[in-house]
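In structure tokens below, several structures.
There are two complexes below, and they share subunit A, which is joined by subunit B in the first and by subunit C in the second.
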Partner chain A sequence: MLRFLIRRSLGAVVILLIISAVTFFLFYAVPRDPAMLACGKNCTPDALEVIHRNLGLDKPVPQQYWEFMSGIVTGRDFAQGPCPAPCFGYSFANSDPVWGTIVDRFPTTVSLTVGGAVVFLVIGLGAGMIAAHKKGTLLDKAFSTGSLVLSSMQIYFIGPLVLALVVYNLELLDQPQYVPLTEDPAGWFMGLLIPWCVVQIIFTANYTRLARSSMIEQLQEDHVRTARAKGMSGRTVFFRYAWRGSLIPIVTIFGVDLGSLFGGAMITEWTFSLPGLGTLAVDSVQNTDLPMVMGVMLFAATFIILFNIIVDAVYAFIDPRVRLS
Partner chain B sequence: MAGAETPGPEGVDAERGAKNGELTGRSPGKLMWMRFKRDRVGVVSACVVGFFFLVALCAPLVSKLYGKDAYTRYGQITPGLLNENGYPVKPNGGIDGEHWFGLEPDLGRDVFMQLVYGMRTSLGLAIAITILSVLTAIVIGVAGGYFGGRTDYFLGRLTDLMMSFPNQLFFIAFTPVIGALFVNEQDEMPTWMRACVLIYVMWLLGWMTLARLLRGQVLSLREREFIEAAKVAGTPPSRIVRKELLPNVVTPILVQSTYMLPNFVTSIAGLSFLGVGMLEPTPDWGRMFATGAKVYQSDITYMFFPGGAMVLFIVAFNLLGDSVRDAFDPKSGR
Partner chain C sequence: MTTLTKEADVPAPRGGEDAFLSVRDLYVHFATEDGTVKAVDGLSFELERGRTLGIVGESGSGKSVTNLSILGLHNPASTEVSGEILLDGQELTGARQKTLESLRGNKMAMIFQDPLTALSPYYTVGRQIAEPYRKHEGASKREAHERAVEMLDKVGIPNARTRAKDYPHQFSGGMRQRAMIAMALVCNPDLLIADEPTTALDVTVQAQILDLLKDLQQEFGSAIIFITHDLGVIGNVADDILVMYGGRAVERGTVEDVLRRPQHPYSWGLLTSMPRLSGDVNEELTPIHGTPPSLLSPPGGCAFHPRCDFAEQVAGGLSCTVDRPELPPGRSAACHLTDEQKRTFFTEQIKPRLG
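For the complex of A and B:
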């Protein structure tokens, strides 16, 4: 187990280094001068020069990359002042510290993705299991048709429709917004209810289908039949035996889906103008705000990779046959 | 020929295939086609998908018959169509006999034409990306699986690396960057260049799943007797790959591409929605959603046309994918 974790972590570090290098060098290969952004409208060549020096843009690119990467570990000094340990530099657009902005925006994205994941896992697995239990009935067919149509919906289509219907027409809920959980749990819940229900749309159907087929498969396994033959109650067999086995493919897919979950969160945040990492990424890309894009990119990639390792480890707990080697 | 394709139980059909006392063999492709034709859902969804592609392909013809185009701002040149806020005067987004799907708020372009030409853009891009990704996946997957050893190791690590990139974030971050590599800041990026950039970015991260799948398939095929026989007979590797391996992996390639294409369509639309896809004034399916999201409070009708079309397209394509899989591989039940 320990060896697995060490090996995977080393792999993750390599991947993150490559991602950071690719992002950094690609952005510097762009003939667009990032200092122009910081300089503003009344820009003189002299002012540009000063900004270049302040941002460290006058040094060769590999050196800049090295300073950037070592700054993450040790912190570094900028013209704006010292930048403590996880230092991703300062935004070109508004001189905010990148790390601070990411930390500010992060809770929104986490609330959105975790809540969304809870919604789609509960609905998806629940519906899938019911469908497997009632296989071949009208209910099963209704579920599979429903999930087919649902899986073809897109966040950018459903989002505005839900807003128009629930918020503006029926006035059931307020415009979605992010309220920190620690400040006002009820407000947090109500504010994110619509985004949760919208972000789950692209995932639920898949999980319904997956849970159904994997459950049906499990119910035909030998150990399940043995358990039945022993005279165990249907419920015990269903939940203790078949359910556990059916989780394995679901956990795998969940690990793969984390990246698209973040992608879905980006579009959802943009649709509802929630202040998360997704809106931050889109905004900073449109501004060619290199430090911000680098920060968000590395941060999100770290998270996704980290969770993939966790998912793989969880995998071994669910399925004792899996050896982590 | 027509006799051989008559739908019916395969066993009976095989006997009837003996025409003029001569046994006619049936290729796997023909068998697949026979099975597919019997799948009613598959045929209907194939027709729907075909209709979408036909409309996209014949967009100029549709435009000529309909008498409008995707660029003219009808609402602005004809008074009385849009009110002072830029919204259509007529109810339901300005639908009438003249403008079937209504008018775009503010700019006053024809929604029907926007949709038809937008689909043309999106589907064209998606097809290009699918073809490129499939070709890359074939090269990398087959090379890794067939040659094994160090080649396989490096290609496998490359695949892993590409898979661990956060897709959507990568698309958003790199579309403007790669675009800026080719075009000066001052110049407007030409439409075809923008399209190339989108294709390039999506292609870069689009091939891995299929490559992995093919590698696994080729890995197991490599050990089979017929490959061994070919090797012993002195067949050069290029011929083994072309004549022995590739025909055996056509099924996963076709099935996987029917899942890839709709995914690319929605991803491209997502990029356009976030403002980093195709730009004005090129009509684009995804950008219609961005417009719709801006005007939904006053003109919800607008959103339904791109949305409904996309739902229909994706549903039909997914059903088609399932049918193709069933037709190729009758063992896999739904």
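For the complex of A and C:
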């Protein structure tokens, strides 16, 4: 297990290095000068040069990359002052520290993701398993059709629709917002209720279908028949023998989904104007804000890789045939 | 139940009510998108305690389906089972799931063909063996584990105590099959159904497993149904043989009868298609020509007639293409040929080829 973790962590570092390099150099392929942004309307060539120097844009690209990357580990000194590690630099757009902004935005994304995941896992897996158990019945067909319809929906369509109905017409809830959990748990819950339900609709639909199909597949396995031949009750067969095997594809997809959701649910955050990592990523790309883009990219990538490692470790717990070495 | 009323089936009253396992007029039909598959189409047989019945036939002849329906393992939504299955006087067709659950793994148990897929990869071998013991005997976790170790030891797994904590993938093929047998025998079942238990194993391991089954039968006095398509194996283990074709029994008799003096042209085909150790290696095997019958629309009359070399020899107004031959009680074959013809054809044409 320890060897597995060490090996995978080293691999993760390599992947992150590649991602950072690709992002960094691609950014310079964009025909847009980030200094123009800071320079404003009445920009003179002289002022532009000063800004270039301040932002470090006058140095060669590889050197800039090296300074950026080493800053993450050791911290850097800027004209504005020292930037302690992990230093991702300052935003080109508003001079806020990148790391501080990410740390500020992250709780919103975590709240949205974790709450949504709880809802879509419980409802999705539940509905999928019921459908598998009642395979071929009207209930199964209703669940299957429903999940197909819902998974074809889009958040930017359902979101405003729910808002219009629940918030503006029926006035049941307030406009979604993020209130820190530590400040006001009830406000946190009520503020995120609509985004949770909307973000989970598509996921729920997908997990329903996934759980149904992998459960049905497992129920046809020989070893499940053996369990029945041993006289195990229907419940034991379903929950102990078939369920265990059906978890593997679910865990795989769940790891990928959770990893990318932690990097920011862009559309959902955008739809409900929630200040999470997703909106941050969209804004910084629009502003050609290189340090911010790099910061968010690497942060999100770290989560995706982290959840991949977790998924592989979880496999070993589910299936004894998987060896982590 | 049109199939039941359509034709008069002759039951096999041999053994009568007191037989330990009695299957009468068993029909197992599956509803599929293409139509009704008549997997078992009027089957009757009986089995006494301490005896072994070998069921022989090619793939799709209904061997496995018959035995799965004894255990009640078919999906009731798509399967229609009718007829009688009496185990020790208890009716199993149409019995409640709870009743069947209390019998499965307890009074009747099954050994499956492929021990790799038939054991759960997620639980230790010991736990899988202990589970039915806990359920049926009400044993504690510890007692059941002890019993599992004892059973593993009995089926010849070395270091049973340590190996009980292993997972099936850590076992070799032969050991997995032994574990499967230990699992089936853990509650001393009165009826043991072995569905091609040695097919996935190499020949030396096969012989060990067969010996093991025989020893265990002597110890527990169980009745065994041994399903196989391997006539070499059946001669070793069975007391009686039932030859199945197209979902029906076509020949019944003792091992000696069926292997030495077979009466049905299908049995002749099975025997002549078998390679002989003493034979010339260049000698060509003679397979039964044609393919097994479609169970969706089986041939009229005798299901074997399209593949039978002797169909033209039938005289006396009976036609193999129209009249379905019945299997009379006792030692018999379901064939329109006269006893005289069966004897003559066998001694003159078949026996010389068996060497």
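Here is the rule we go by: the second predicted complex is superposed on the first by the 315 of 325 C-alpha atoms of A that agree within 3 Å, B and C clash if a C-alpha of one lies under 4 Å from a C-alpha of the other, contacts with A are read in each partner's own complex, and residues count from 1 in each chain.
Note that contacts are C-beta pairs under 8 Å (C-beta built on N, C-alpha and C of every residue); 3 or more make two chains touch, one makes a residue touch a chain.
If you're wondering where the values come from, they're calculated on a predicted model, not measured in any experiment.
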Combined model on subunit A: subunit C and subunit B, fit or clash: fit
Inter-chain angle, subunit B to subunit C through the CA centre of subunit A, in degrees rounded to a multiple of 10: 70
Touched partner set for A:R235, first subunit B, second subunit C, both or neither: neither
First (subunit B), second (subunit C), both or neither touched by A:R3: neither
Partner chain(s) touched by A:T23 [first = subunit B, second = subunit C, both, neither]: first
Touched partner set for A:V149, first subunit B, second subunit C, both or neither: first
First (subunit B), second (subunit C), both or neither touched by A:W270: first
Contacts of A:R225 with subunit B and subunit C, given as first, second, both or neither: second
Superposition-derived minimum Cα distance between subunit C and subunit B (Å): 8
Overlap of subunit C and subunit B interfaces on subunit A (superposed complexes): none
For the subunit B and subunit A complex, residues of the former touching the latter: 161, 164-170, 172-174, 176-178, 180-181, 184-185, 266, 269-270, 273-276, 286, 289-290, 292-293, 296-297, 300, 303, 306-307, 310-311, 314-315, 318-319
Contact footprint of subunit A on subunit C as seen in their complex: 71, 73, 77, 97, 100-106, 109-110, 112, 114, 117-122, 131-132, 135-136, 167, 169, 180, 183
Complex interface listing, subunit A residues touching subunit B: 15, 18-19, 23, 26-27, 29-32, 148-149, 151-157, 159-161, 163-164, 168, 259-260, 262-263, 266-267, 270-271, 281-282, 285-286, 288, 293, 296-297, 300-301, 304-305, 308
Contact set on subunit A toward subunit C in their complex: 136, 221-234, 241, 244-245, 318-321
